[in-house]
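Some structures are shown below for you to check.
Both complexes below contain chain A, partnered by chain B and then by chain C.
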Partner chain A sequence: MTRSLILSRRHLVAGAALTTLAMPSIVRAQAKDPIKLGTAMPLTGSQAGYGADFITGMRMAAKDVNDAGGIAGRPVEILALDTQADPQLGINAVNRFIGVEKLPMFFIAWSAVVKAVAPVANREKILAINTGANAPEIAHLGDYVYTAFPLADVDISKLARYTVNTLAKKRAAVLYINNDTGIDAAKIYRENFTAAGGQVVAFEAYDPKATEFTGMLLKTRAANPDMVHVHGLLTDVPQVIAQMRQLGMTQRVSTYSVAYNPKIIEQLGAAAEGLIVTSLAPGVEENPLVAPFIERWKKEIGRAPNGLPYIQYQYDMVLLAKAMYEYLDKAGKPATGESLIEALNTVKEFALPMTGKLVIDGHRVDKTVYLLTVEKGKFVPLTTLT
Partner chain B sequence: MEYLATVTILIAIYVILAASYNLVIGYGGLATVAHPIFFAIGAYVSGLLAIHVGMPPILSVALGAVAAMVASVLLAASSLRVSGDYLLIASLGFQLGLLQLIRNLELTGGPGGLSNIPSTITGAARTPAFLAITIGLAAVSVLGIRAIVRGPYGRAITAMRDEELAFTALGRNAMSMKIVIFAIGCGVAGMAGGVYAYYFQYVSPEQFEVLQSAQILTMVVLGGMATAYGPVVGAVLLLAIPQAITFLNLPQNIMAPLQGIIFTVLVLLFLFLRPTGIMGASESKPRARATEAA
Partner chain C sequence: MYDPVILAQIFWTGVATSAPHVLMTLGFALTLKVTGLWNFAQAGFMAIAFYTMFFALNGLDLPIFIAVLLAIGTTVVASLATEVYGLQVLRERQSGNLTFFIFTLILSQFIMYVITLIFGTEPQTLFKSILSPVQIIGGVAVSDWDLLGVGLMVMGMVALWLFMAFTKEGQFLTAVSDNAKLAELYGISARRSYRVTAVIASLFIVASMYLVGSHGGVVPNSPLELILGAVLGTLLGGIGRVFAAAAASIFLALIQSFSILVLASRWQNLLLYGFLFVAIVVFPRGVRLPKFRFALAGR
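Let's turn to the complex of A and B:
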């Protein structure tokens, strides 16, 4: 009994030694403290479908970065906390990043959550980077709140002008969800559509919890639009479109990046034909790295990603952090909120693999907008707007 | 530590909320689900006064509490003549209607909420100062409500709750008593809202949804309805446990359902094992048994 115990100890020691010899990279990685990247997303609740996939996208990027040697020789670790897209839980998560994990920077999304955590970031001088919310107000939330994701004024303004100038539609109806996502975007659409020479003949808000839109749609039908822009969430946009078709409204519909999701075609079937969506990240046709990424996702997760363009941004956030930390490493500066902001503004242009070039322009970014439309049950590229 | 301090501040604010709700529903027996809207009124009034008028925090929080109190009297005067199910429906309508108003007014920031509420205390002293203020206010609220219900007025409240007809037959005015309880409870909730707005510097309509009533009610029931310290225990448990769970670093496929069912499990567990709540009188006490036997 004693002998077998001694032998097993020997085996353990020998095994450990062999592992050390065989995998020096592991030893090297463990010798240096990891760089922790904090990200607060909804991992439970109604928005968890997106939030959980966002984290998966970041973890895939972290694995790729670690396999390639990490950031300045240090491994990357993703620290994900749940917000349930709830502002209060967002504040709790960010306080944990700052108070417990001592992180100098964190990633965040969902407009209400970004707004809620902004005072904390500004007060504690910690860099907050928005990776998916698009409320235009985010550009004015303070010195420590930056965005790597284009705000609504980028894609919606370009879409509205394209609708008038290229699609030759002159009478638009704008139907929007009555929350900060819908209200701001609807105003931007109206301003740009009107400025391009069109006329907004119906401008209707609906309640975020609404499931019945007949009254609003009958009013819209009476206004006789030749284009309908719906700005809501993945939970209500398909219902609005389905009820439009049931009421005999055949107008072409546009919406934004949230509807660039295979689920919407599954739900709407033929009613989705002709739907125009925006994407703020290049697709399979424009970026050769996207197709292998989708394949890898399907292999590892067993299904298509929820909101591919958003996930491309999450993937790229790890590469953005890598570039920022490498700048600080070269400059011999410690990572603090201030020094990371300096890195962001000094490097300014970041060549990111999944979403292309990112140019930091103060507290906003400009990006190419990709329009897609549904044809024969599939999203196909329509045009690219720069 | 900043994180623990922030969680403690949040717990202290919810202790105030739960204690005030306990006064209304536990001691007063007034079934209302509108408590979050009085919390919201306090938060928005204080936040707006801080942003647009630059009013001193003590004054704006006090005005927030007064506004909540006035709103509660409006609801009470119109709906407390009826009670039970009717009051529940009236309070639900009040909560939904007023929140819809907040969501649609430009002054309140609409659905995007009210941001840029100024930070009145800055620097390293901020969090310790808020910690002291919120714990102090929570203690004053809990002990103040305890003092009310333990005195002769408290016995009258209990009598009114348990047997309103007999209470009225004795010549007491149940209506005015209900309005007073409701106003005190809602005013205290408004004060909690004001402190919340100053500390977190951001308020949005979705933080004051009707479902928050369920959360505060769970705190009250779990801790012990109509007990002085029950809401304290309930608020600490229901806010600290979800935070503690995140430190277990469990895989997401376990964490998500765990967080989702925590309220359900706790409520069911306590309904079966301790229906009077943690601080409530135990049913298995010898005295209770003796009374039953007699």
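Let's turn to the complex of A and C:
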């Protein structure tokens, strides 16, 4: 009895050893310390609809990476903290990444939050990568703040020029939210629209808490524009457009990627017809991986993601981190803010599955801009601006 | 911009958009008048009212009138439960004003956190579309929402005035607001008056949140910002002067609307706080017009 038991143990040990050797790399990856990717996004508050989906997108990518063996044999773990899109909470989150988690890098979004955490990243020499904010100022926030998401000067400048040159609109009104999201983007639109030969006849900011826009819209109506560009958030853009239509303003409206959301069409109905939105990531037509990605969301989450292009970027951020860590692994360097910046600038071109090629150009990136318009209650491709 | 049609449009939209704030203010100022309490728990009741309607319409696919009735039911229950099991207990303990203030504020935050857990934080509207049919009257765009808002506002004010002036229960409220202990000597139950006030305030809250939720997106903590308007109106109108507070809410909305003629729209909210600052410093008991007095209910 005893002998047979010993033999059984031996067999078990031998079997376990053989199994371990034969296991795919995923198992070996799980045995090593995980690579923690810190990401601070609004998980509660009015922006949580996007923020929570950002994290889900990253977690999907982390699962895919781990299933394929992890990063340099180590599993990836997403460490998500809540910012409520509030700069102060953003600083708290980053302090935790640095002080408690000892991370060399973190992902961040929302312009006001990125600006707020930039001094912390620079002071502590930790790499901050913007994954969704588009304030042009982000390019000038310091040595340790990079962006993997195109800033407003990419899509808004191309949109403004397209409006003058192709749509032949010469008189634009620019209505924008009076915060970091709106102010710089509105200036870029005005500069490019004017440079292309158009005239900005109304340039109005509204309070971020405003729900009533009639006065501003009447002022705009009096200026007689032939195009209206609205640069706000998901909470206010539909209300601005709805009140515009109710005041009898029939001008075509453009906005940016925030409004590339089926909810806008649902809320505005026929008033959304002709609305132009930008997208900084290829859609179903341009990238065969996007349709299965949406299907996966529907299967796992029960719905399509909020702000699909943004989510595509979040997915790709994990792949970006993978490429950076693999560079360091080959070079035999530890992951620090400085070495990760070296990885970013040396690899420079990243082939990312969801958003296509990403070229790091200093503290900016350039990407193809996809314009979509609402036609018969659906977003359809309008044009592609390279 | 000084075209009469534009001025008329600004006036009309200003009055129409003041409607939810006026309804909120009526409930808030009446509660303050009768109970002597700055009841910030009403922000929580606003959230309950909105999300009950939202769930009934979008989760259960019920018709709108059922959704409104359900919202009245849940809001009245929440309001009465707070009165009976919270405020009354504090009164019996002879708690200080600060305790009442903190209790109502914490309760509203608690309600909003629970609602956030259940419904999330994405902006929600009562109906899928926020567009309301519009007709042009004399060059002025008048939407169905505007008409409903103004109608509810006028009806609410008239109904409250009639109730306060011509019903026994209304007169009891006035008596309790003047001196609760003296009123009790005359056989008027202060407790009953507080509960009647809670029910009336709930009706105003539901009407107000219906208007807010059919006009734009609401998130669980929106009511805290909305109640600030009611506080401003109450301070400007003068504590205990319910209809003056409602009038002040309309006045504030008009000031905000017309300020677009001279100010960029981003300054509109700052203007509101400027008014509040001046009112508190210069008119600590509210702005009192020399001849025409709104405080009918206060007599």
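As a convention for this text, the second predicted complex is superposed on the first by the 359 of 386 C-alpha atoms of A that agree within 3 Å, B and C clash if a C-alpha of one lies under 4 Å from a C-alpha of the other, contacts with A are read in each partner's own complex, and residues count from 1 in each chain.
Definition applied: contacts are C-beta pairs under 8 Å (C-beta built on N, C-alpha and C of every residue); 3 or more make two chains touch, one makes a residue touch a chain.
As the structure is a prediction and not an experimental result, all values here were calculated from the model.
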item: Partner chain(s) touched by A:Ala48 [first = chain B, second = chain C, both, neither]; value: both
item: Touching partner for A:Gly377 - first (chain B), second (chain C), both, neither; value: neither
item: Chain B versus chain C as contact partner of A:Gly215, first or second or both or neither; value: second
item: Which superposed partner A:Gly73 touches (first chain B, second chain C, both, neither); value: neither
item: First, second, both or neither for A:Gly99, with chain B first and chain C second; value: first
item: Which of chain B and chain C A:Ser111 touches, first, second, both or neither; value: first
item: Chain B versus chain C as contact partner of A:Pro119, first or second or both or neither; value: first
item: Chain B versus chain C as contact partner of A:Leu141, first or second or both or neither; value: first
item: Chain B versus chain C as contact partner of A:Gln239, first or second or both or neither; value: second
item: Doubly contacted residues of chain A, that is, touched by chain B and again by chain C; value: 44, 48, 178
item: Residue ranges of chain B touching chain A (in the complex, touch as defined); value: 1-7, 10, 103-104, 110-113, 115, 117, 119, 122, 126, 200-202, 204, 206-207, 243, 246, 252, 255-256, 259-260
item: Chain A contact footprint on chain C (complex, rising order); value: 1, 3, 6, 9-10, 13-14, 17, 116, 120-123, 125, 128-132, 134, 136, 141, 143, 215-217, 219, 221, 225, 256-261, 264-266, 268-269
item: List of chain A residues in touch with chain B within their complex; value: 43-44, 48, 52, 55, 80-82, 86-88, 91-92, 95-96, 98-100, 111-112, 115-116, 118-119, 123-124, 135, 137, 141, 178-180, 183-184, 208
item: Chain C contact footprint on chain A (complex, rising order); value: 44-49, 178, 204-207, 209-216, 218-219, 222, 234-235, 238-239, 242, 245-248, 266-271, 306
